[in-house]
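Some structures to go through are shown next.
Shared between the two complexes below is subunit A, which pairs with subunit B and subunit C, respectively.
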Partner chain A sequence: MHLDPFELHRPTTVDETVDLAGRLAPDVDYLAGGTDLLPNYKMHLNVRANLIALEDVSELRGISLDRVGAMVRLADLEADAAFAASFPGVVAAAREVATPLVRASGTLGGNLLVETRCFFFNQSLPWRESLGYCLKADGDRCHVVPQKVKCYATFSGDIAPALAVVDAEVEVAGPSGRRRLPVSRLYDPVGDGIHRHKLAAGELIVAVHFPPESRGLKATYRKLRIRPSFDFPELGVAVAARQDAGGRISRLALSLGGLETYPRRFDDLTEPMVGTVPTPATVRALADEVQKRVRPVHNTFLAPEYRKKMAGVFVRRATAEVLGVPESSP
Partner chain B sequence: MGSAVSTRQTTRLRVNGTAIEVACPPERILLDLLREELNLTGSKRGCDLGTCGCCTVWVDGRPVLSCLTLARLVDGHDVTTIEGIASPGGLSTLQKAFVEHGATQCGFCTPGFVMTGTALLRDHPGASRAEIERAIAGNLCRCTGYLKIVEAIQAAGRESA
Partner chain C sequence: MAAKEPTSPYRLIGTRIPYIEGPLKVTGRAEYTDDIKRPGQLIARLLRSPWPHARIRSIDVSKARSMPGVAAVLTGEKYPTQFGVLPITHDETAIAVGKVRYIGDIVAAVAAVDERTADLALQAIVVDYEVLPEHADPRTGTEKVVEPIHTRGLNGTNIQKEVVQHFGDVDAAFAGAHATVRVRGTYAGVTHAFTEPMATIAEATPDGRLTVWSATQVPHYLHRALSEVLGIPMHRIRVIKPEVGGGFGGKSDPLPHEIACAALSIETGRPVKILFDREEVFVTNHGRHPTQNDVRIAVDPEGKILAYDIDALIDGGAWSSFGTVTTYYNGVLSMGPYRVPNFRYRGRRVYTSKPPNGAMRAHGGTNIRYSIEVGLDDLAERLHIDPFDLRERNALPPHTMTVNQFRITSTSFVKCLHAARERSGWDSKFRQLPYGKGVGLGCGFYISGSNSPIHFTPKMPQCTVHLKVDMDGGISVHCMQADIGQGSNTLLAVIVAEVLGVDLDRVHVQRVDSDVSPVDMGSYSSRVTFMMGNAARQAAESLRDQLVRAAARVTGYPPEKLEVGHEKISVRHRPDVSVTYVEALHAAMERSGALLATGAYTSPPMGGDFKGARAGTAPAYSFAAYVAQVDVDVETGIYRVEKVWAAFDCGRALNRLAVEGQIEGSIHMGLGQFMGEAMMYRGARLMNPSLLEYKIPMPQQMPDVECLLVGDDDPEGPFGGKEAGEGPLIATLPAAGNALYDAIGVRFHDLPVTPEKVVRGMEQRRQSGRTWKGVA
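== the complex of A and B ==
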């Protein structure tokens, strides 16, 4: 496979990067680790004439308990023992991304903005051409939900759900300055679905910030996929919680990725559990309600009915694990 | 969008200890530079999409997928390929273990496994079976069923520990 020619830019500061992106827009992409973008470029998916490599922008580096730079390699994040002790769920999710070779190059920011995936999108050019392309690349219709003019490609990042449940925030730099937003609000539940994040043209994730009060939360990440050492998620469940000595919940959050078009929190279901002592029955009720609500479509390897059912099973197991209650049998 | 005329730029890197200076267009992939321009054909082109690990090389000692690495971005860095893992004509401890344990059949994936396995044993000489299995998760073999590969890495680990 070959890459079409492009121009490669190597800025060294965030300001320079954003300025460059503004001038080259819309015919430009940022290049972080390249493990998602370059395969897509090789498949001729939404290729741009300019790539801005973030390699030399030093502000995008660095790991501390308060902040992880967007260009931090996932391999370095998973190897950081102090960070793992404070944010075990985030590191658990990072360790589940693809393979060690991908994580050696792949970055935190890259995983947050990993391209959404679909049977009809992640295909070779001749394959897509023979079908008349699709909404997300070169075409004008969705083959998964043909009656809608909207893209249903699946959000396939592992780390966003784990960041969302510890209330992490992304720091974004753009043409109009810097802003921060919760990871859970980085994604767009509405719109045309082609771009599932809320970043404006030229905006760049600089870092992820972690509130001190989220350190040491009990947390887990469970992932459904065909090959346990390799694949994109067919479902990812992140849970984080805190309980008092009597087991009473003081904080609980749940987020699901890999299932729908964006990672989704279920605050209206978890917040009523705050102040209660969880039981197998309350955990089960939470899981059943999540299962009822989620709407996977048929655009990944596993059947949507199965993934929907597994959403219930995984939520029940992950929540029971974090809250230390026995699992109720189905 | 997406049609540019790219410009070549001099890229300087060290490959297996030798300083190289080569004019690279931006879209040149490290694997192509190694195989097509430097005639280092030990690193294999398998899937070309980062899935199989046959193209694994080290950049500054870290195993990476050369099929997903732009050559221009390793400017100023050290690249080690399978050709640089042992003295010319010789075999490394791990390579010998692959031979002794029959860890190679068609051989296409072997350079990738040797690069990943050598880096693992360098950093964790006493790596457990589970650590080995985890480390080679990104290297695919379609012949051996992995058992002999894991045994070879374990044996080499014991020898070098």
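== the complex of A and C ==
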């Protein structure tokens, strides 16, 4: 399995980077930690002839309570005690990514844009060739849901759900300047499934910004997988909340990754709980409703029925933990 | 934590000795096949079949051959001679001839200046296939099929091998039984997943010789296969085994790529290297067979076993490989550690259009053992007998013959039971831990070296060891045994140093090289410690006798009055009179120069005279009793094996550190098969050919392991030792399965036991209205 040769570009500023991307488009990818992109290149998945290394772009670095650069390595993020104290859920999610070795290279921006995954996509060229390829790379059909012309590859980042529930925003630079959008709107819930995010061609995540009012939210991240490290999520549940002294909820958000093509928030279920004092019954009702709604497909190791059921269990446990509600088993 | 270590009459044997090659391995200095670079070396890549079953109408290699940088393109017809690890089932070719039989079967081989050029050349090869029906399910392969995978299948079916055996009267035993149990087990295939991918370098030289370096655990059989297929006499072929990064059975067949690589070197006159990527390792497989077995056990009111009635349907994949042995083993390896007076077995191994299955650590003894042990656990519960008591009542005593004429010599199985029971706190835990927590007992039994070498040449030993010592006092050891990480080099050195009384650093175990290493059959069937150990001891004793005779001349005392001490030979009862080892050596060399010594091992005759009687016969057997303790999250089904108490009888543990390492590694591998490892197929297509999606347990999943080495000396083993490389795996799986039952009241007969199966199992128990430990 060889890596095809590519041209490596090493810009040092965001403007230079975006310019370069514009000139090289569409035969170009950004290279951050490389832990997702390069294995995919080895499998000849959507290979580009030009890679723009983001390593030397200094603006993409730095950790503060307001802002974390897109090129911050996950290992550095999880080691930052001050950040962890303010955003425990984000750090909890970062710690669950892959292995220590991968996190030493892998970056925050890279994890946000990690390629969606599927048993029929993450395979070598000969493997895919023998099956006639798939929608997401080189082919025209989906082997998971054959009657549809949509890609069902699973969103497999751990950190996006944890960022979404603290209302973090991504700062994006592109040919038409800079913009900010909430992490929860970085992803496309209604698209073809093939293109996983709503960044325009040449756009680049510069940093993630954290609103001051989200500091110190109680938060957690729970990840389902068959092994306690290395594996991508089969389900990831992020919850963040604030309560007054009497336990009344003033803020509550929930986001699920690892199940569908994008990380999904459930604001219409959590917002009605604001102003209430949670009970095991209300937490259970929330979990049951989430479980009812999610639609995993059979494209990861664990069966979709099981992942769906676990969505209920994990939402209940994570929410109960954050809200300090005693857990009730079914 | 290790058990209390017994006092040893030996200086080195029985202590804890780190691997002699360890410093080189951990600093990256050890030389593996891919570390070797020959001048002018080409890189080979293989074109693999995209179809599970197809006829090759034509192959057009003209474009590939004309590409710049491409030195040779080879297709199958040039070397059509069939080969295989067993002489009786040759059905493989180096490169496919006429037909492909699984996705990944080798269709063509390219040698080029680099990997990318070779890969691009593969893409330029045009193959016209006539697609044939795929045979993914072994169940349908037992009937006559259209277009069987091989012409040698039984009567137009895909059955590669059928074994039928009956000893005693099983029907009568069942008719008179007090209780019976039936377990229908389903076992997904698992694979070795060794660290080092397959790698081979071949170099044909103008002197008419061929040298092959290969990551193999059986250099001698590779040597034979190369000779047979390439048509070159063995003496013109030189096989070298560099360090090998794990084998577990997966490098014990001579493999097609090894021969194709050699053929490419002959074709080009240049050295050719091939290194597999991980997907190729997965599809080359030769792992543990997916198996369905149907096991019935009959017992009397005291729980004494009356009979086994076993049927096994074994998914062979595309080749025979070790399959004939597998088919026997899935029956006959049930013949210990208990006395079984009546035994009936039908085993069928069926070719399928999938990657070939073969030998994997505890070959043939693992799946059948799981079914038996969970069945016995069930019987014990129904008869209200403690699982330990039930097993102890059935234990084979030492020095007995089984009903199928296995000669059992040493067994410390009962000691294993006692140690595991006591150390695990069994009597205060079993059925007494809270819901979700449990303990389980599983036992094991395995051969310590197959009595029948695969290529049996009458009157030739299964292992020969040569020693050479020159004036520097260093001792070179030559033997074709294959250290694949299990510590056999270290054991060779330890045995030689023990017998000669010298420091370990005097002993230099030489790299396996067929030009200088005397034949050993290789690392399979857990034979090395026993057979090589005996040969090494004999060689060292022969050398010792030469030194003692020389010391006798120097001291004036007769040899029988002398004894070997640490780096010296002294007069018994006169410790003040002695010569050093080097003085004795130099005296011995006065007439002859460098000293030579040889030792060999041939196993004694054994086995009945019925068909297949030799299968499973061994000069000794290992025994095991393991207790596992589990903790289940009863809502998610995610569980952790917290601790394993591993009581194991390997006779005397010759290198305790190595034995403990083998036990820990075996438990890790056994738990992998139990908890999540599986070759996942959709039809004939392997879905998870990667270490990311093939779920080897992570370090966090590894239980605490307490090794209890309680074996008594084996009468024929070297220094009383027996195998510890494969047997330690077997008991792991049923111990975990029975512990899950104790925790949640669910029997699992379908491996691996993933969390979703645990959840489903608990739901089914609930639906049946059965409570467990008071929980619905």
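By definition in this document, the second predicted complex is superposed on the first by the 330 of 330 C-alpha atoms of A that agree within 3 Å, B and C clash if a C-alpha of one lies under 4 Å from a C-alpha of the other, contacts with A are read in each partner's own complex, and residues count from 1 in each chain.
Methods note: a contact is a pair of C-beta atoms (placed from the backbone, for glycine too) under 8 Å apart; a residue touches a chain by one contact, two chains touch by 3 or more.
The structure displayed is predicted, hence computed values, not measured ones.
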Looking at A:324, would you say it contacts subunit B, subunit C, both, or neither? Reply first, second, both or neither.
neither
Touch test for A:230: subunit B only (first), subunit C only (second), both, or neither?
both
Applying the document's definition of touch, where does A:26 land relative to subunit B and subunit C: first, second, both, or neither?
first
After superposition on the shared chain, which partner residues are touched by A:247: those of subunit B (first), subunit C (second), both, or neither?
neither
Based on the superposed arrangement, let me know which partner A:49 touches: subunit B (first), subunit C (second), both, or neither?
first
In the superposed arrangement, does A:34 touch subunit B (first), subunit C (second), both or neither?
first
Subunit B versus subunit C as contact partner of A:1, first or second or both or neither
both
If we overlay the two complexes on their shared chain A, which of subunit B and subunit C does A:310 touch? Say first, second, both or neither.
second
Return first, second, both or neither, reflecting whether A:131 touches subunit B, subunit C, both chains, or no partner chain.
second
Shared contact residues on subunit A for subunit B and subunit C?
1-2, 4-5, 229-230
Show me the residue ranges of subunit B that touch subunit A in the complex, using the header's touch definition.
1-7, 25-27, 29, 48-50, 53, 56, 62-65, 68-70, 72-73, 116, 133-135, 137-139
Interface with subunit A, subunit C side, in the complex: residues 48, 50-51, 103, 115-116, 119, 277, 279, 635-636, 675-676, 685, 687-690, 692-693, 695, 697-698, 700-701, 754-756, 759
Could you list, by residue number, the parts of subunit A that touch subunit B in their complex?
1-8, 26-27, 31, 34-35, 38-39, 42-43, 46-51, 53, 55, 75, 98-102, 104-105, 229-230
How about subunit A: which of its residues touch subunit C in the complex?
1-2, 4-5, 119, 122-124, 126-127, 129-131, 224, 226-232, 301-303, 305-306, 309-310, 313, 329-330
